[in-house]
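Below is the structure I would like to discuss, written out as structure tokens.
Labels run A, B and C following the written order; every chain starts at residue 1.
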Amino acid sequence: MPNAKPNATDGDFNLGRRGFLAAGAGAFLCSIGGQNILVERAGDAAKADAAAARVAKPAGAKSRPSAAAPGASPVDQLKFETPVPAPGGRVVEYWIEATVALWDILPTRPRRDYWHGVPLAGPSVFKAFVYQEMTEGFASPAGPAAIPGPTLECEVGDVLRVHVRNGLPDKYAQAITMHPHGVRYTPEYDGAYLGDFTRAGGYIGPGEEFTYTWEARPDSVGVWPYHDHGPNHTLNSMRGLFGGIIVHAAGAPRPDVSQILFMHSLAPPTTGLRRVFECVNGRAYAGNTPTIQAKVGQDVAIHAIGMDDAFHDFHIHGHRWRKDGGTVSTDNQTVGPAETITARFTEDNPGRWLYHCHVMSHQDNGMAGFYLVTP
Amino acid sequence: MPNAKPNATDGDFNLGRRGFLAAGAGAFLCSIGGQNILVERAGDAAKADAAAARVAKPAGAKSRPSAAAPGASPVDQLKFETPVPAPGGRVVEYWIEATVALWDILPTRPRRDYWHGVPLAGPSVFKAFVYQEMTEGFASPAGPAAIPGPTLECEVGDVLRVHVRNGLPDKYAQAITMHPHGVRYTPEYDGAYLGDFTRAGGYIGPGEEFTYTWEARPDSVGVWPYHDHGPNHTLNSMRGLFGGIIVHAAGAPRPDVSQILFMHSLAPPTTGLRRVFECVNGRAYAGNTPTIQAKVGQDVAIHAIGMDDAFHDFHIHGHRWRKDGGTVSTDNQTVGPAETITARFTEDNPGRWLYHCHVMSHQDNGMAGFYLVTP
Amino acid sequence: MPNAKPNATDGDFNLGRRGFLAAGAGAFLCSIGGQNILVERAGDAAKADAAAARVAKPAGAKSRPSAAAPGASPVDQLKFETPVPAPGGRVVEYWIEATVALWDILPTRPRRDYWHGVPLAGPSVFKAFVYQEMTEGFASPAGPAAIPGPTLECEVGDVLRVHVRNGLPDKYAQAITMHPHGVRYTPEYDGAYLGDFTRAGGYIGPGEEFTYTWEARPDSVGVWPYHDHGPNHTLNSMRGLFGGIIVHAAGAPRPDVSQILFMHSLAPPTTGLRRVFECVNGRAYAGNTPTIQAKVGQDVAIHAIGMDDAFHDFHIHGHRWRKDGGTVSTDNQTVGPAETITARFTEDNPGRWLYHCHVMSHQDNGMAGFYLVTP
């Protein structure tokens, strides 16, 4: 729509007005290597990248944190063993490369909002940062680069061994990490940049590789996010550097249908695009977002995880579940950043259903999808 | 206060400054029939209404969705039976008309904030959209038109049969629906406009009637909202088109006092008024909002439901309850859009108590009320 | 940094741009004695203080509310007994003075963000309102004035007897109160200003004292906030007038490590400073915020409480806990204003860990700290 006027509303999404939907919306602060960068306009992301590129590898990421660092504690000098599986457990191995990919938020052709039955227009492709699954030894991509990254799946007693390579192109040369939720890890495998207190897994420089080893403990059962927690983690998480982890109870029946839905926005300061998209798994509007499928009688588990600065409210039409496995029945549950809520139920209601964030502006900005149930 | 200056603060509420309390506050996006309309200023609601008026009745709302629609699935061709009550259950019937009503957010005379003991001034009446309860066969109003609409109440095993008539005046001619939470319904009775996939209950055009049939299943026990989910649902929900559903467990003791409190804002883009009101059941400030009454010894159930784009935190002075029926005691609980939290307790503390949203700007903008307990 | 430019980002925090991080961010509405004051700019707090200073002592705060007050109810004429401890319980007594203190949000010297290993610059001292613990009979300060105020700790069956003196200097002469969550109190000890319905504890004028008597009931077990609920409660809560209450189950084992973390912002309209600080217990950035310490094997309880207008998401690295004591394992939980969430676990993971709000802009604005675990 090259001739769309700033305030055009039909067809295009160039919402030119001030407000939470225009440029300026989706602003956030990055604290990177001593700089505070407000990512509010398209050029700001480049400033954050430049600041991140200047963050040098801390000594602790090479051996151990210095005992002389300001604020150092004896705990910084502790040594840790790399964990092994519990008896009967396995090593579950992944190769993942952090890379840049052109990502289309509206992949349908012609682009369409299938909920409202209308065409979509306007630019929708941006340079995403993604965790791309690779085959063993980083031999080749194991599939297309995508938001979210691959789901890491294991059972209590197992160890996840995750080889991460920083394959960001030179233009974006900066350290990244992978920080997991839910699993048990020592500080070496926390995957968090901590300045002077950074451990080995907290800084994977450009071109470097690191292997994380995480344990699936009994209290790890559940579904969790992982995400970048390096020097530029806020911007990088906002542009796609995240994925999911599923830890099953040992021997427990697995759901027939399992779907992770990341609820997050892709906003102009992050994407350089003209509008905010409220997304599910990097896509916006039903038909572009995941279409979940199930059959009557199946055990269904849908996991909603927040992955931006906002709070969301996850609703599925035609279904109810026990809130947090307790006694309260719900069909709509609050979920915050990097928090997970799980809707688990035995499917009994065939048809086409909508799922969406019940924050209405999120829903109307694309945070919705279909759930199709066959008899 | 005809001579109030833009920045006057005494008595009047004409908060002329930019910010979340001025015009511009309460902005939200509507996605209507292929248009994206930012409802940010007074005139924008009329644009949304005009867009909604242009949304034609989908074929599926007349018979079944077309198998040729882009993205169609075999589930769109499924036929569904209208549910009947479980053995021993009843049909509980309501007649409800969607209509427009002049609604005063500050009904006390003289208008007063009874918490702070001060007069209130400034315009407070706007054109609300409401679900008005009617007598059998839509013969006549069953009471005054109000926010929220009538509470639909039944027991597990019952069927709710809800006859809805679209009585919106010509000026606002547009389809509406009624979408329930918590109860069990087939896609025919989902009450959601879904473009090409719309079923019968998803588009009630101007002057039309539709009868929804919903089942109260065991996992429907609880208190839930219903609201418009037609082409203009976001704006319509924002201006009053919602109400509550109570499903009792079969034979379970009912609370002596039961009160639903919708927590929502009525903002300038929606109302055309000069300021934001943070409301409980369409009213703002204690004495205008519901005054709940109970006696010591009574079983009290207060249900707070979010009904806007914000998150709230429901607090009652002098009382505690079990969070989600679990083991944690609380007196203050987060509640998101269309989510319900329930405070249930045996009354043991006489006196005048305040309830309010603990988001302080909400509380100070009117989201508060009294709870009076006699010995 | 006297020569820092408005848009400087290095070292300083003078984020001169519009947006949620600049002045204007952290705006909130105060409803004080019939005035509505938008606290959005530095001078606005003084207006709120002036309005609060004009709020006269209601008749009910001296004896009982007038039966002739508009909206009066028979419950306003009820008389209440001062509670006494349950058999075997104690009276636990505190003397606390509301006062003003210069408070440094960044107390490290040189000022430093120990997470990112970088220096901090820019003004960080403001006039906080605090509850200062005093020795018996208000003889002398029991320690430095601090945010939060002293933690009030007791057991079920006990009575908390809290003597509060309004020691605000003349410049800020206004009534304050202390309103508790969780404990049981009669309306006399609610500590809430209620205009014509105010009871004795709802207005402690300048220079006045009041003694609150609160019961620790079985459903009071938990950790709760207290805060000002006088005529100027919103501003006063925003600038430090809050603290914590811990009620233990009678005879229950107490955690080895217990830490309350208030999550709140200190923003320009409140502080007069140039930037927003996202704080934990009145401090911003790891090393300034509380550094929690524990040993492997200890029973650890960390309580996060919201204390501003925002919602937060509390995360600890390397640890998991049962959400609300139920069956769901979490490491990241939503917490709203004046709401408490508790992370309780047996420590088993030595090292340096980060805790932070998972709202990324909060985390990057200082809402983070360290948790050090020794083997």
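Basically, a residue touches a chain if its C-beta (ideal position, glycine included) is under 8 Å from a C-beta of that chain, and two chains touch if they have at least 3 such contacts.
All of these numbers come straight from a predicted model, not from anything done at the bench.
Colleague: Go through the assembly and pull out the chains touching chain B as well as chain C.
Modeller: A
Colleague: Are the two sides of the chain A and chain C contact the same residues or different ones, given that same means over half of the numbers occur on both copies?
Modeller: Different, since most residue numbers here occur in only one copy.
Colleague: Please report how many Å separate the Cα centroid of chain A from that of chain C, as a whole number.
Modeller: 33
Colleague: Check each residue of chain B and list the ones that touch at least two other chains.
Modeller: Only 311, 324, 326, 334 qualify.
Colleague: For a test of understanding, state which residues of chain A touch chain B in their complex under the given definition.
Modeller: That would be residues 9-11, 13, 15, 17-21, 112-119, 287, 311-313, 315, 317-318, 320, 322-324, 326-334, 349-354, 358-361, 363-365, 372-375 of chain A.
Colleague: Which bits of chain B are touching chain A when the two form their complex?
Modeller: 24, 27-38, 40, 47, 58, 69-71, 73-76, 78, 80, 179, 181-182, 184-187, 190, 192-197, 217, 219-222, 224, 231, 233-234, 237-238, 306, 308-309, 311, 324-326, 334-340, 342
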